[in-house]
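One structure is given below, represented as structure tokens, and several questions about it will come after.
Order as written gives the chain letters A, B, C and D; numbering starts at 1 within each chain.
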Amino acid sequence: MELKITGWDMNLVAQKIANDIPDGSYVNLGIGIPELVANHIPNGKEIIFHTENGLLGMGPQPEPDKIDPELINAGKKSVSAIPGACYFHHADSFMMIRGGHIDYCVLGAFQVSQEGDLANWSTGEPNSVPAVGGAMDLVAGVKNVFVITTHLTKKGEPKIVKECTYPLTGKNVVNKIYTNLAVIEVIDKKLFVLEMAPGVEFNFLQSVTEAELHTKT
Amino acid sequence: MINKIFNSPAEAVEDIFDGATILISGFGEVGSPIELIHALIDKGVKNLTVVSNNTGSGYIGLAALIENKQVKKVICSFPKTANSVVFPELYSKGEIELELVPQGTLAERIRCGGAGIPAFYTPTSVGTILADGKEKRIINGKEYILEHAIKGDFALVKCLKADRYGNLVYNKTARNFGPIMCAAAKTTIVQAKQIVDVGDIDPEVVVTPGIFVQRVVSVPNPLEESVLIAENRRYPWN
Amino acid sequence: MELKITGWDMNLVAQKIANDIPDGSYVNLGIGIPELVANHIPNGKEIIFHTENGLLGMGPQPEPDKIDPELINAGKKSVSAIPGACYFHHADSFMMIRGGHIDYCVLGAFQVSQEGDLANWSTGEPNSVPAVGGAMDLVAGVKNVFVITTHLTKKGEPKIVKECTYPLTGKNVVNKIYTNLAVIEVIDKKLFVLEMAPGVEFNFLQSVTEAELHTKT
Amino acid sequence: MINKIFNSPAEAVEDIFDGATILISGFGEVGSPIELIHALIDKGVKNLTVVSNNTGSGYIGLAALIENKQVKKVICSFPKTANSVVFPELYSKGEIELELVPQGTLAERIRCGGAGIPAFYTPTSVGTILADGKEKRIINGKEYILEHAIKGDFALVKCLKADRYGNLVYNKTARNFGPIMCAAAKTTIVQAKQIVDVGDIDPEVVVTPGIFVQRVVSVPNPLEESVLIAENRRYPWN
């Protein structure tokens, strides 16, 4: 399937997430597109970013002359530490995640099911090397799990499906899905469309979504 | 903007409710948040479950809270100390419940409460009456018992320095149960001798990351329990 | 029973323990008589004392003008910290104990059984307030558990018994018993006399010990 | 006198034996004890089980140890990174075993190894294939799985400063798995950029207490994995 409608730019999607996260939240951003969210925090909002490799209060990539090779994020890129940051070891870091102390995480997805299952760590291909990282810990522990993703795969297949065919990261864990076409909330194992990109109508959205969609009336 | 600083102990404990489970830091008087406890006495909520290593001394702080009949049950490892009078008396009259827990098991149960670990196996207390009624399990040929996490509705904790994010450092052995209790409560209330600017505490030496703290109140000159006891003081003040 | 033979002074018993603990050991001393051991560490031996309330590298009671009320030991007495000491929280402290990192602990006893069971936390009296502290953690986790005690109770009853009548602290946990009359090792649930105080003979020692004693021949 | 300082990486790893389980610190290259790993390559023991978050990059450090066919099995959360070539190739040929563990579960299993906790329940991986075959249990209405502690015969760890007691501090996010691995191994071997006098590290800021460390070796100018990879270097040196 090829879309005529490209919808929102992913930076705009990231901005929507940044707007939806309340002031004072503790937030963990997944590697890749989720990292865009950090660029869009509105002025005056204080958000504390957690990176699971042992830093609370992660700041932006530093100027080249300020780089410390031992200060990185979970994506292994150089970052900085804001005033008021702190370092800790991995067990303490995942205590924050598993213990429900992180308010929001933003993750990418291969698939999200209509019951809020997430598949984002493995395509299940037999010859690939499986790698899970902290994804399963995040979805099991973080209070609100947001997914940011293109609505369709590069091949044009729906990513929001009735049931995930890829190996799960967690069951019934996703709270909101932000795509280039819509913002969708998972409530009681049902998907409710909160917002659609300009030019996108409900029937069209449903036609590019395998899972059943609902509207809040 | 994040600002966890409250104006007074009274304001900081304002929403503590009847029947709440409260984690209280301290090993004896060292690390005990006396001013927060006294604010809780002023407030007067009842039927509390208190998790703390001891049960207080004389008629000050934790002992005064118990004397004031606000505590239904204590979970602790050592409910008597040199000057402990209130708890032993109520206990011998059957007027307060006690769950006695080995100190290391108490610490680990609290840590697990903050870490999202609901239960764990431990060798401590195997073969003793404190293991009675607990699930036993042989792992790699050795016997263990199952213990469950402890979580608090509130934690009352004392520290040395805090910033508005809730980052904390402690003084010497006053650290004791503070860091693990901060993480194990829904609402953690901390009294700090000193409030410092964000960025003043080196990120390498923060002991309790701010994420585990919800409220901070400045108590620059905390009372010393043993001094007050030596002066025969009681709270509410006699 | 009243003893004609008083045997060693408890300071001398503590000194024997101090001599038996190897250089470089990590040691936790119980409250009371066990604390005497710290006074008898031979010159040149470096022993690191752990106190379960969060200090490794505990030093002696400080001069009055050096006292910090927030620096205490497990007995709630003022202590000092040696150079190279460190502070930590209670979960980390008992990680050292339960995890088998402490080499020796020295504890008092109400009773020790001939199989090495220890009772030292409760006399089981119905009206008393039970208090266990860290005793059960120590005997479950520390590599070598030494008991220091008078051989008989104040009433003259044997403390080294066939089976403990008081509630146990742990089963098969004691490695060595140091009393005013003898040093006894627990090997494979049997008690072997290693040394007797001057004037004490085996038959006499057995007569004041309910448990069966053996000699290493 | 306590002196845990060894003269060289070679001397410090001298008794590592065939079939040993080795915990190796680091998150990617950050915190990875490259000089200790290279000493282990020089020594040449085999059939090792390596517990580490990743599997190394290029042909340096951990990747070189694997390339040298010394590793039978890796226990890790993320066995591939940008420049990861060695492990994926051996794995696809079935020449190395992999136990894939979620990162937080890996950290907690290691912590429990050091804490004398043989097993614990966790919500992580419930409902996924990584929970297959694991004991499930409902606690307070929620489903958990049982996970077991990981202990090492040895740990190889990198830190910033150490003293002769083995007290350690780390630099920034190079702390990662170091502190928990130190505690979880029978023999912990640490490479420090700087050896300082006992007493130089403030007792309030020690991250790893010396009790968890058996050997310290000075490596004042540790290699940087990514720099070497950019230069197409391999170990043993090409």
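Criterion: a contact is a pair of C-beta atoms (placed from the backbone, for glycine too) under 8 Å apart; a residue touches a chain by one contact, two chains touch by 3 or more.
These numbers come from a predicted model, not from an experiment.
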Worksheet item: Looking at the contacts, which chains touch chain A and chain B alike?
Response: D
Item to complete: Could you see whether A-D or C-D has the larger number of C-beta contact pairs?
Response: A-D
Practice prompt. Please report how many Å separate the Cα centroid of chain B from that of chain C, as a whole number.
Written response: 29
Response to the item:
Cα centroid separation, chain C vs chain D, in Å, comes to 36
Fill in: Approximate Å spacing (C-alpha centroids) for the pair chain A, chain C
55
Worksheet, complete the sentence: Residues of chain C that touch two or more other chains sit at 55, 81, 87-88, 91, 94, 97-98, 140-141
Fill in: For chain D, residues contacting two or more additional chains
108, 111, 115-117, 122-123, 170-172, 203-204
Worksheet entry | Chain-level touch network, classified as line, ring, star, complete or other | other
Worksheet item: All pairs of touching chains?
Response: A-B, A-D, B-C, B-D, C-D
Worksheet item: Within the complex, which stretch of chain D touches chain A?
Response: 27-28, 30-31, 53, 77-82, 87-88, 91-92, 98, 100-108, 110-111, 122-130, 170-180, 207, 224, 226
Worksheet item: For the complex, which residues does chain C have touching chain B?
Response: 51-55, 68-72, 76, 81, 87-91, 93-94, 97-98, 117, 127, 129-137, 140-141, 167-171
Worksheet entry | Contact set on chain D toward chain B in their complex | 108, 112, 115-123, 137, 139-140, 142, 144, 148, 169-172, 202-205
Worksheet item: Where on chain B is chain A touching in the complex?
Response: 1-2, 111, 113-117, 163, 165, 167, 183, 198-199, 201, 203-204, 206, 209-212
Discussion item. Give the list of chain C residues in touch with chain D in this complex.
Written reply: 23-24, 26, 44, 46, 48, 50, 55-57, 81, 83-88, 91-92, 94-102, 140-141
